[in-house]
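Note that the chains take the letters A, B and C in the order they are written out, and that residue 1 is the start of every chain.
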Amino acid sequence: MNHTLIKYLAISCLLLLLTACSNDSQESVDPRAITGQLTLTGSSTIAPLIGEMAKRFEQTHPDTRVDVQTGGSSRGVADARRGTADIGMVSRALNEEEGDLTAYPIALDGVAMILHRDNPLTVLSAEQIIAIYTGKVTHWNEIGGADAPITVVNKAEGRSTLELFLSYFQLRNEDIKPSIIIGDNQQGIRTVAADPNAIGYVSIGTAAYEASRGTAIKALPMEGVEATLENVRNGAFPLSRPLHLVTLGTAEQIPALARTFIEYAASAEVSDLTEAQYFVPLTH
Amino acid sequence: MADRIATVVMWGVALLITSTFAWIVGDLLVQGLPHISWDFLSSSPADAGRAGGILPILVSTLLILAVCMAVAIPLGVGTAVLLSEFGRRNQIFGRLVRYSLDVLAGVPSIVFGLFGNAFFSLYLGMGFSILSGGLTLACMVLPLLIRSTETGLRAVPDDYRRAAAALGLSVFTTLWRILLPAATPGLIAGLVLGIGRALAETAALLFTSGYVDRMPGSLLDSGRSLSIHIYDLAMNVPGGESNAYASAVVLIVLLLIINALTFRAADRWLQQRITPV
Amino acid sequence: MSRSRTDVPLLWTLRAVAALAGAITLLIVAFLILEAWPALQSPGIAHFLTDSSWFPASTAPQFNLLPMVVGTLVATLGAMLLATPLGVAAALFSRFYAPPVVATWFRRLLELLAGIPSVVYGFWGLVVLTPLIRQWAPPGQSLLAAILILSLMILPTIALLSETALRSIPRAYLQGAASLGLSRWATVIGVALPAARTGIASSILLAAGRAIGETMAVLMVAGNIVQVPDSLFAPVRTLTANIALELGYALEGHRAALFVSGLILLVLILLLVSLSRWIMREELNVTAGIEPYNEEARAPHG
C-alpha cells in the first residue's frame, strides 16, 4: 500500500519534471512570441484584485495565462523596468524619475482616519489630527476625550498611504511622533481594534467593511465628508489615490496581450470584481 | 530535596509550554475548524481567497517541500558526514564550512527570498517557480539538517567505528550500514524541524515561488504555498481571516501527517539495516 | 584498516557537497554587498552609524541604523535568556522526567510548534498578547512582546535538538550513574548535561540564528519605532523588520540602504558565531571520525 503510494508520487514528480523541461525548451525557442503568458508583479494592495481579474480574463481569453505576483509597489516598478514582469502594479502616482514608465489607472482607493469604536470622539479636525501626529497633543482629554495617552499608529516609510497622508496634511515624516509603526493595512486595523486609545489610517473600503462586520473600529469623516466608498466614487472625499498598472514604454509599444489586459482591467466588465475587493471602479 | 524541587520545576515547565501552545493552537482550531470541509480541501480559491478552497495551494506546498527536501537531505547529510567523520583531516576546510553554516542559520528569511529571487529566479532563469522556491528553502533548512545530523553522528560510540575498521569494512559501508542508521534520531530531529520551518516559511517564498494560486502544471510554474496564502488572507484581504485560520489548521494537520510519515520511513530504513543497540 | 577504492571518490564527493553548502553563504554575502554597494559609496558607511535618525526616503535622508542594531540584539538576547532554560528544561523533561507516553506526546507538540508559520504567531501576538501587555503599559506593541513571541518560536528548536543530544548520551554513562546510586537530578546535572553540552550548545546557537533572522512575527508585535528602547515596554524595530517593512516600497538609495541593514545583520551574526566559537572552542576540537588517522580522538568525549 505504502509502496504503491510512494511509487505513484515518484512517477508523478518525474512527469512534472519532464513537462517542466519540455515547457522550458518551448519557451527558450523564442521568448518574445509569448502565446498568451503575462506576468504582473507589485503592490500587495492591488495583487488580490488583479488576481481575481486575471482569473476572469483567462476564462474569456482561453489561450492566455496571467500570473500575478506580489511584493510591493517599488517591486512593480523595478520588475516592469527590468522586463521580469510585463506589467507592474503600483498603488501610488509615478514620480519624476519614473518617466520611462506609463501608468494606467484601474481603480480608486481612499484613505480614512480610524479610531477604536469605544473612543467617544466622532470628529477630528485637520488641526487636531496634525497636533496628534506631531506630538503636540499626547492625551485624549486635551481634545475632549478620555484621560488616556494617545497611541499614534503610523505607516512605514515609503508606503503609499503614508505618502498620501503626509501630502494631504502637509507634514513631513520626520515631524511625526508615532507610538507604533505598521506595515500592511490589516495590521493597522488589528492594531487600532486592539487598543481603545489608538488612532490610525487605513484603506477606506476595508475600514468600512471591517466596521460593518463588527471589528472594533470606526472611520472618521474628513472635512465633513463621511468616509465611504460612495464619497470616493463621486470625488467628494478628499483623501483618495488611484491604483495603477504600469508598463515600460507607452501603450503602443507593448505587446497586444498586455494592452488587452490593461484595457480589460480598467473596463466596466470587471467593475464588480473591483467593488468586491472594496475598491472604487473607474467611472465609464 | 533538590531532586524533588527539580522534578516539580520540570513538570511546571512542561505544563507552561503545553498550556501556552494549547492556547495558540486552541485559538486556531476554534476559529478555523468550522470553515474546513471536504469542499474547502478540494476546490480552488475564489474571491481573493475569501471563498472557495485551497486544493492548488496544497499541491504547490507539497511540491515545494519535495523539491526542498530532495536537495537539502543529500547535501545536508553529506556535509554532516564530512564535518563529523572526516573533520580531522579537513580541519581548516571543515571549520570554514561550519562557520559559514552558522552564519547561514541566522540569515533572515526575507534575505533568503531576495537572494533566491536574484539567483535562482533571475540569474539561473527559473523564474517565479516551485523549483526556485524549493531551492531557496533548501538553502534555508540546510544548517538545521547539518547540525542535527552531526549531533547524531557524534553520539555514535567510537566502538562502532573501531569494530567496523577491525572488520575491514570500507568507509562507505561503515557509513551506510552503521553510522548513519545509528545517527538516525539526530537526522530525524533535523528533518522534522526543517520540514516545519519550510512549511511555515513566508518571506522567502514570496519572491521565489510566488503568489499564483492556480494548480501548478509543472515545477516551473509559480505556486502559492499555504503559509503565503495564510499571510495574504490575514494581512491583505479584508474578511480573509476565517479562511486564514482554516488554512492554518490544514497546515498543522499536514505537518502532523508528514512528520508521522517521516518517522515511519525512518523506522523502515532502520529495520532494513544491521542496527546494533 | 584498509581503505577500499570507493573511499577516495566518496571523500571527494563529500568535500564537494560540503563546499557547495558552505558556498551558499558566500553567494548570499556577495549578493548583499552587490545590492548595498550604491549606499556604501554614497552616503557611505559612516552615515549608517552617525546620522541622527532613520529617514531614508526624505529629501534630506538620514540613515542611522544603530537603534535597530540595539533592538535586534536586545530582542535576541531577551529571547535567548527566556527560551534557553525553558527549552533545555523541556528537553530534560521529555528525556528524564516524563513517562514514555507523555514524552512522546510532548515531543509531537514541540514538533508541531516548530511548523506554525510566523505570521500565525504574529497574528496571535497582535490580537492576544499585545492587548494584555497594553493594560500594564501602553502601547503594548513592545520589546517585551517581541521577546515573548521570539521565545515561543525558538523554544521548539532548542528543546528538540537538546533532546536529541540528551538521547544520544552513551547508555553506559547513565547506567554508571544509576549504579552509583545518584539521584535523578544529580544524574542530570553531573552526567547528562555535561555529556550533551556540545549538542545543547549548538541547538542554542541555531536558535539564536533563528531569533536574529525572524521577521514577520516580530514586525507584527514590536511596534517598529526606530529608537533605543528605554524599557521593556518601549516599542523597538529590529533590522529584519526594517527590511520587511520598507523594502516593498523602497526606491534606489532607500533600497540600497535596506540592504545595508541586511549586511549589518550578517556582521552581527558573524560576531555572535565567533563569540560562541570562542566559548565552545574545546568542544569543537573533539571530533571522532571513521578516517584512519585519528587514534588520538578515541578517548570517549564528555
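Note that a contact is a pair of C-beta atoms (placed from the backbone, for glycine too) under 8 Å apart; a residue touches a chain by one contact, two chains touch by 3 or more.
Being a predicted model, the structure only gives us computed values, none of them experimental.
Ranking all chains by how far their C-alpha centres lie from the centre of chain B, first place goes to A.
Just count the C-beta contacts per chain pair and the biggest one is B-C.
Put simply, the C-alpha centre of chain A and that of chain B have 32 angstrom between them. Centres computed as Cα averages put chain B at a distance of 16 Å from chain C. Each of residues 123, 244, 247 in chain C touches at least two other chains.
Within chain B, the positions touching two or more other chains are listed as 234-235. Residues of chain A in contact with at least two other chains: 44, 71, 183, 187. Chain B makes touch with chain C in their complex at residues 2-3, 6-7, 9-11, 13-14, 16-18, 20-21, 23-25, 27-28, 74-76, 78-79, 81-90, 93-94, 96-112, 114-115, 118-119, 139, 142-144, 146-148, 150-152, 154-158, 161-162, 164-165, 168, 170-172, 174-175, 179, 185-186, 189-190, 192-193, 195-197, 199-203, 226-227, 230-231, 234-235, 244, 248, 251-252, 255-256, 259. Remark: chain C residues 53, 55-58, 123, 126-127, 130-131, 134, 138-141, 219-220, 223-225, 235, 237, 244-251, 254-255 touch chain A in the complex. The touching residues of chain A, when paired with chain B in their complex, are 2, 13, 16-17, 19-20, 23-24, 39, 44-45, 47-49, 51-52, 67-71, 84, 183-187, 189, 205-206, 209-210, 213, 276-278. Here chain A touches chain C in the complex through residues 43-44, 71-75, 77, 97, 148-149, 151, 156-160, 172-174, 178-183, 187, 190-191, 194-195, 197-198, going by the rule given at the top. On the chain B side of its complex with chain A, the touching residues are 47-49, 63, 66, 122, 128, 131, 206-207, 210-214, 216-220, 222, 232, 234-239, 264.
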